[in-house]
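Alright, structures below, take your time with them.
Both complexes shown next keep subunit A, but they swap its partner, so subunit B is in the first and subunit C is in the second.
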Partner chain A sequence: MALSRRIAYIDLSTGKIETKPIPVEMRKKFLGGRGLDAYLLYNHSEKGVDPFSPENPLIVSAGLLVGTLASATSRTHVMAKSPLTGLLGSCNMGGFFAPELRWAGFDHLVIKGKADKPVYIYIHNGEIEIRDAKNLWGKSVTEAQRAVREELGDPDVKCLVCGPAGEKLVRFANVMTGVKNAGGRTGMGAVMGSKKLKLIAVRGTMDIKIAYPKEALEFNKRFIEQITTAKVNQTMSILGTPFIWGATNSWGGIRVNNFQYNQLLYADDVEPERFHEIANETFGKYHMAGCFACQVHCRTRYRIPDGPYKGCYDEGPEYTTQGAFASEVGCTSALTVLTGNYLCNQYGVDWLELGSLIAWAMELYEKGILTSKDTGGIDLRFGNDEAVIEMVKHVCERDTYLGDVLAEGGLRAAEIIGKDSIKYLIHVKGMQNLHSDERPTPALALNVATASRGSDHLRSRPAIDLYHLPEAVLRKIYSSPIPYEGPLSSDFREYVGKAWQVFWQEQCYMAVDSLGICKYHTTFLGATLPNFEDWVKAIYFNTGLEFTPQELWTIAERCNNMERLFNLREGLTPDDPYKGDRLVDRYHDEPAKRGAPDVVGSYIDREKFLKMREEFYRYHGWDEKTGVPTEETLKRLGIENEPSHLL
Partner chain B sequence: MSVKLVVHPFLNDGKELQLEVNGSTVGECLKELIRLHPHIEDKLFDKKGKIRGYVEILVNSKSTYPEELSYPVKDGDVVNLIVFLSGG
Partner chain C sequence: MFNEKSTAESLKATRTYGQVRCPNPTCLDRLTPKPQEKTIRCPKCGTEWRVVWLKPDLPRIRGPVWETNIEIARKKLEEIEKKGG
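== the complex of A and B ==
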């Protein structure tokens, strides 16, 4: 059965391993993946736990539909308290690890303790071993995976790994699988490193029994039809996520020079078509690859065309890499983007966070807050390609003063640097913002301000708000499965109706993160892609669990509230400058300078933003002012007695 | 035949454009759009004359992909040109 997979509790301090079945009742409440992880984190951690202490649980999981007959179900989720933000740490990644974990018999791993020497965990067909990793420690992301496959004598082993950045406790280190499938944001790779856990290797050949296989396959045809006929996916399957970058930049929606500007000029060399061209030249015509069970294939394969890393194989870049190593740092070279991408993948570090931090340091250098003494002689001016690549290495190696300081993340670095440096840090909850400029788009601004893991585009972003969709299309999407008769506007500059869209997307993304479905197969980027009504059918045919779309929505709400409870317990208050649901002053006080007429001059109005936030809290059933779930809300969702320690 | 065209602000220098055009296919309607507003052409079509990857055309709120230019329209239809602008 798809529900027969177990949970394993692994204590790296004692070596004790315990496994248990996951009660169906828990599935009905939290599904799996991110949703059940949120329950486990809240129940297995104490208030105020140090993220690098043995008591911080590292939770690894597969979504409920992963490895079944449903499409696009590749997603692995990892959760712990974040060493970057001190709040919820959470990341979600594609690739092939999660299906293999399920085929090896497990859905959730709760890893506690700390090994006294480097180890890796090997999971194979119901068995779990803790093994010596002295030969893996220090190896890059791809070298470590290659070495463990050789050691185990099995080329089909799939790995979850922390790179050298995680070993060195860079607070925004990723967990990685494959070459570039990254569990980015919030530093889950650093939590792995703190436990001296280099890698988790899995291999499984245990069948997953599908509840209604014939119907599941038949239904999945509809999924595939929806996915493959959506134009947004067709474009992505040619250009990858960079396809978004070109139009958005020419509109004026891309942060430049640490958010001082909003359009990168002379950007021909970093346009999506240029990366497509390089991939064609260095890898060949068929350079797009996909994750498990995916029909989109958004991952570009290429070799670095020039420079010191010429010929090195890599995958990407993504929209966020273009921001990190082009616009944010004021560079216009494809080679810098590709080299930065490669180094981040090998070190296992979040390029979005790192690029934004380098951009921040560049502005501090520009303003004289950092000097060449602080930078170790590096001329850290915007547009200096070599300086950017040097800083990537120094942060990941922590081998210079500034590299070591930035490796601590923005808030800690600002405290060390002092001198008003915090004023220029573009963050929410201590996590650097995506390089999109949300000033022209109040909905997206609310999304980044309130996302549960800090500034983020993958937790509640109504990206389709920018498409200028007819109101009838918006109405169809946003008034189901929960009726909504309030205002909706095709105008992305509006504040009215946007809180509902953000609230809706939040439930949508939680549902798919708990099922293990990729967001590119949802209304994240496509208005015609599968939805709650489709997912309940996929759940039923594959697992036998029966939900209405409304019930699935309520589960998502429950899981989002578990994350909220965790964040509130760890100190979130709405207006806290470091842990709040708020934006930094630049969003409100410095209007956009470049771009199209509907962008120039745009800023987020403080009063309207707060009104929108109150509305967003209200939809949740949270107190409008404090953002705390009311007793009534917790009772409605059946989580009034958490932590309940049922699993 | 009269068809209403609603053009994303991105394609028209930051301003939404609504106009009535004539044509029996999307392609014919767009030809008239370009005749009236030639500055839109570059953002709408690539060098090979294909609709750009970041533009999707809806007729009465339904996607016309993959037919796009050959998709038939009739009197009273509403054609939306949407753009995958994003931050995702």
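== the complex of A and C ==
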């Protein structure tokens, strides 16, 4: 049945492999995917562990509903201590790997140790082997996958891979699957590289027994109807995620030139419709593709239309790629975005982090903090398309002074560069911010400041706050499954009520990440998309596990608190400039200069922000000043004795 | 419980097809572009937007009419700076 999948402990130093069943009681407490990974990380790592040491566990998992009859259940999750931030490392990706892992008999892999030479792990129908990867090491993300399929003689093998950036320990290297499904943020690819683990290949034909198959299918019809009729998903199925960047740039919610401005002017060539045209011209009318069991199909397929990489096949770009290689670096060329996208996918690196770091270096160069000697003669001014592409390669190859320094991530790079460089670094907890400018949107600012893996939009962002929804609609969404009678405001510039929205979204995203469902199928970009009440039905019909929506909420809270415990153990304090739940000074001190009239002049008021953060801590049952869960909260959630070492 | 409509399902009735919102934060009114219209001006705040039609009933704001909206933003910034903001 759907609960029969096992956990495997793989030691790359000794070659020892052990598998165990996952007790139902653990499912009831942590579901699977990210939630159970948070338990495993806290229990299998020691305080202060070096992220590149053999003792840092790399945990790979599928969500509880992955591979069942529920929609959009494609998500793979990877967790370890982050080499970028020194705090929680966590990433989540679509594609086809996680369902294949489940069909091969496993839900969670805890990988420890370090191989003495490059290896890959091959998992097939309950069997696990560690194999030699000397022929794969050094290959790009797609070349490595092609080579292993050839070696195994099976074109249906699915792979989780680290690219050359991970091998070279670029601290924000991705874990990748397929062409562009990226486990980005926090450098999980570098942890793979540090273990000399190039790839995990899986192939499975073991059925998952569905608890109530007829009912599961019937319910999924309702789910599909809900998903496919939403305007946001109809838009995404045509334009992909770039529509998000386009919509945000329209009113001035985009970081430009490393946060000096908030709207990329005359950006027609990097608007989503332009990428749609290029995909039509280079791939054809049917260029949109989807992940496992998804009806949205947000993945654009294209070939690079011009330049040195002309004709190369790739997928994307995403809205974050537009941020990385257009607005943040001040470029307005579609070709730069597509080329940057292609290179990052092949190297296996987080373009969001990389684009932000290049933008930061550009500002340092324009201010004279970096010189042409530091850049190796590259004219690193904003808007220099060639310089951006050159820097992508140098960082991933670590073959120049500045490339090598930036590969260390922002905080380490600032320490090496010195002078005033840290002042211009736009980060939270040592992770670069998304391309969005949260000065006009206090709710989104609170989200990035408090997200468990550093500045991030996929942990607690109330993106629907931007839709000016009537208060009655907001109330319906945000007072279920837990009653909420406090204030709510349709105005995204407001501070009141926003802490609750961020808190609500945090539980929503943890639940969806633990179930293995894509965020585009929940209350992320669409106000009318499924959440707690809908998921408990899908869980019951597919697995037989019975939860109320409130119980599911409590599970999400428990898992979020496990992540909090990990971060606190590794040194998070609320106001720490490097590891805190805080924003850099530019949010507070430099008002937005561009955009819609009601956005011009926006900034985040320090006092109101701190009040909002206290409120947010209070909802969690954390101390308002220290952000530490109270004893009562830990007891309520049944995690007062962690680490408990039950799995 | 299993046959009841969830909150999300009940909210489906609130969806509006054929309309877009003015992206300026205080303009809560929805704008209804005429079929295949390529630009639309917000009657409330004066901002002007380029419209694309993804489907006959699915208009989308592609972006600002740059000249109009940049000028509006410039004036607003000037006002704020005059007030010492």
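To be clear about the criterion, the second predicted complex is superposed on the first by the 647 of 647 C-alpha atoms of A that agree within 3 Å, B and C clash if a C-alpha of one lies under 4 Å from a C-alpha of the other, contacts with A are read in each partner's own complex, and residues count from 1 in each chain.
FYI, a residue touches a chain if its C-beta (ideal position, glycine included) is under 8 Å from a C-beta of that chain, and two chains touch if they have at least 3 such contacts.
On a predicted model such as this, the values are computed, not experimentally measured, just so you know.
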So, after the overlay on subunit A, do subunit B and subunit C clash or fit? They clash
Applying the document's definition of touch, where does A:T523 land relative to subunit B and subunit C: first, second, both, or neither? second
Report for A:K231: first if it touches subunit B alone, second if subunit C alone, otherwise both or neither. both
- Query: If you stack the two complexes on chain A, which partner ends up touching A:N181: first (subunit B), second (subunit C), both, or neither?
  - Reply: neither
Practice prompt. Considering only touches as defined above, state whether A:Q346 meets subunit B (first), subunit C (second), both or neither.
Written response: neither
TODO: May I ask you to decide whether A:S436 touches subunit B, subunit C, both, or neither, giving the answer as first, second, both or neither?
DONE: first
- Does the superposition put A:Y266 against subunit B (first), subunit C (second), both, or neither? second
Check your understanding: Looking at the overlay, does A:N249 come into contact with subunit B only (first), subunit C only (second), both, or neither?
Key -> second
| said: Which partner chains sit in contact with A:T375 here, subunit B, subunit C, both or neither? Use first/second/both/neither. | reply: neither
Per residue count on subunit A, the busier partner among subunit B and subunit C is C
Touching A:N56, do we find subunit B (first), subunit C (second), both, or neither? neither
Shared subunit A footprint, subunit B vs subunit C, residue numbers 229-231, 234-235, 238-239, 243, 246-247, 251, 467-468, 473, 476, 528, 595-599
Per the touch rule above, subunit B residues touching subunit A in the complex are 6, 8-10, 13-16, 53-54, 56, 58, 61, 63, 65-66, 78, 80, 82-88
Within their complex, subunit C touches subunit A through residues 1-2, 6-12, 14-15, 17, 21, 23-26, 28, 45, 47, 49, 52, 54-55, 58, 60-64, 66, 69-70, 72-73, 76-77, 80, 85
Subunit A residues touching subunit C in their complex are 215, 219, 222, 226, 229-231, 234-235, 238-239, 243, 246-247, 249-252, 263, 265-268, 271-273, 440, 467-468, 473, 476-477, 480, 490-493, 523, 527-531, 533-534, 537, 540, 591, 593-601
Listed in rising order, subunit A residues that touch subunit B in their complex are 229-232, 234-235, 238-239, 241, 243-244, 246-248, 251, 253, 319, 434, 436-438, 441, 444, 457-458, 461, 463, 466-470, 472-473, 476, 524-525, 528, 595-599
